[in-house]
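Next, two complexes with chain A in common: one pairs it with chain B, the other with chain C.
After this line comes the complex of A and B, so read on.
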């Protein structure tokens, strides 16, 4: 099986760390994922995109407080902890985005009156943080065995002052960009699940970024598939 | 009997209406509720406005105070928005620290101000490195019947247009600020961001300006903030069912129409105000 792999991927058999293939047409940074690294949560994953790294842990389906229970589906909770300082209003806003994205794909109806908690810890932030959080959350949900309708991935696009599109920008590129758009796309039909943007841009640029993000999401989903295949084929 | 059916099967009740391309309150799928705006009603605030979108009522009061500019940007002032969703507006909220919805709305308004550059923060600076204006924008929801974000954005914009700041000079000898309350000037509003919110039903149908019941039954929401040149300041889609590019295009065109309606309403209101 190793012979058919591309040269860029590296495999570590013991802990299941995977590195993403960098094809010539894809301008995403190098990404890597490690699953099942924490012993207490039901599922955990660490996602690395260039120098940005996020650690996710999932507990669930578990007991829910009576005040928060929903009679016909699972209650999803997301906690995002920044690297330094206490969580603030910006973190709350991001938690809401990640939670609603997860709610759209998780089959909550299979586990009514339970809670599924996703905890994200930012380990290092070098640009495209929200996209990395989304990817880590998805991998952790898969690791926990939570039933999902589709997988989802996060892609960030930056538009600089002369309209050039940049995928997966670094922190420096984000600061210099005119607009930064983050999308969450689902794996079945590449539909737009979540979007949040910063800066001014036109309608045509939005469609352009969306198309580029959909193309880039192919690479991310292929990486998910390969890394999961490799993990479950080791027996 | 219809009321009984509505309580037991709210989604089915709604679907019956949507099949006929209308909604229980008689609106079309792309129609907004009646929007009214009232400017300058709070005498103690430097700028204020009251916006009603159907039953949703948001009041915005802006107070200007002095503050030291940030050390990394000594020629900029501050605009601090805060959305307050109290138990007054809906049974869902409890008193105490702001809940999640209030925090998300505050962050949204802060992003809209930042992205659209509605006010240049440099205009708020009085003396670089020493003194600048801080505009505290308090948006209080008096009645929550859905579509809070649109109402808040509109209220903020109207209140900012109403703000009058007195002239401030720094006395050379005492290094104190002298405020001339008789000479007041309006803020320089560069763009007019207008928000249009949609709710997604059953993964396919898009309805504009959802009421609170519709928001609870919807599978997703989408808010588009546009300025007059058709540029987007914010595309806020917090999860929910997926949308294709074509559906997004429809939303954009509706947002452009809404922007024209809102701009017209605001121009009328400001023209009809008596000059002070």
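After this line comes the complex of A and C, so read on.
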């Protein structure tokens, strides 16, 4: 396990892609996050993972259409806009995955009969898009001050044809991979909130990917904490 | 595999509940668990040993702890739901207890009973006005809730007017209700805000900072020009000075205070005082 991750880092270093931000044991691409960059939404964030970049805006708790009103909790809506063209089936499916993840952590019961809208705009897609969308959505929700049970993050794993595990793959690596697995994990118990997979993999490989994602989530959460502390250090 | 498991276990240990006193004025994140002073010594981290059953466990010897915005109770655990700085206020009498809350920088207002806010009248329907306060639904305001208003003597309120009022009903399950009188029936500065002036929005954190009893910004602003100013807890500020130019300068300063340090602010104020 440790061995595979080590080799993975060296491969990246050779191909000139930026290595993980925190030491050789973490093979995630470089993160960057900026919060509160839009003036109109109640909360906003842009999240970068390597060359993948997503901009998120959150509106809420706001007024809700009568047809979508839920009497005992907030209505959560997620809209994902692709970089070019109109949203298609792929976007709709991702929207649903992100919405289900958000619903698991947002304390909607505190704001019944309101709507919380998350709008995600893909700025550039260079692999691990869904994970980046999840991270951007989480940071925007935190920025908007929506009450949450826990934070969440998305981690993508790719399995090579020879069974090598890659964390946070680029678009090229995703295309060449035998299987691509994306997990959403919460910050309190590091439990799985959502998982979506594509391709062929064995039971053991799934467990291996999940363990790797859990280890990687620790880095993401540490990054969350650092970037939020920086934001609040100003006041 | 084993290595990864160990890392996860270690990280979980790092995420264990921290004592509320130790993280005061620090940034807390949603999902964190806080320990209150009385829990610290009894069942500190790891020490969930059996405690002797006490008959008067309900009788609080240490004073009552109140959970403010951004915190919630789950059983006897105190959990954080919003990101921000943890604040604490000692109770008036005795030690221990007091109010804990999370000071976050959000923009969206959620009505709270007793808050003074600035609203915009959006509709008149029979004997109530609908007032937009920036929350999830418009607040209602009775035409009788003004100073000196009777069934004969209706207040002169038009759609589009600004109202400074107070919430008497505000909870998650009901429509919020505003009034423009206090419990004795006096206006106390509330009511329709006059013509002219400028209304603008800032974050809720800035409003709370400006309304703090020892706020320097407001004293400095007051020295600059003579002005009329109204702060709504919903993030709205109405300001009026002698000329439009002065009004705009004041609005820009207050908006900029959000991201300025005390030194930067003093520089700007001294430069403005010279010109």
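One rule holds for everything that comes next: the second predicted complex is superposed on the first by the 214 of 235 C-alpha atoms of A that agree within 3 Å, B and C clash if a C-alpha of one lies under 4 Å from a C-alpha of the other, contacts with A are read in each partner's own complex, and residues count from 1 in each chain.
FYI, a residue touches a chain if its C-beta (ideal position, glycine included) is under 8 Å from a C-beta of that chain, and two chains touch if they have at least 3 such contacts.
Every value quoted in this text rests on a predicted model; they were computed, and no experiment measured them.
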Touched partner set for A:186, first chain B, second chain C, both or neither: both
Partner chain(s) touched by A:195 [first = chain B, second = chain C, both, neither]: first
Greater chain A contact set [chain C / chain B]: C
Which superposed partner A:211 touches (first chain B, second chain C, both, neither): both
Chain B versus chain C as contact partner of A:112, first or second or both or neither: second
Touching partner for A:234 - first (chain B), second (chain C), both, neither: second
Chain B/chain C common contact set on chain A: 186, 189, 211
Contact footprint of chain B on chain A as seen in their complex: 89-90, 92-93, 95-104, 181, 184-186, 189, 191-203, 206-207, 210-211
Chain B residues within the chain A interface of the complex: 100, 103-104, 106-108, 110-111, 114-117, 219-220, 227, 230-245, 248-249, 252
Chain C to chain A touching residues, read off their complex: 1-5, 7-8, 11-12, 15, 27, 29-31, 70, 72, 79, 81-85, 104-108, 110, 135-137, 172-173, 205, 209, 259
Interface residues, chain A side, partner chain C - complex: 1-2, 36, 42-43, 59-64, 105, 107, 110-115, 142-145, 147-151, 186-190, 208, 211-212, 214-215, 218, 224-225, 228-229, 232, 234-235
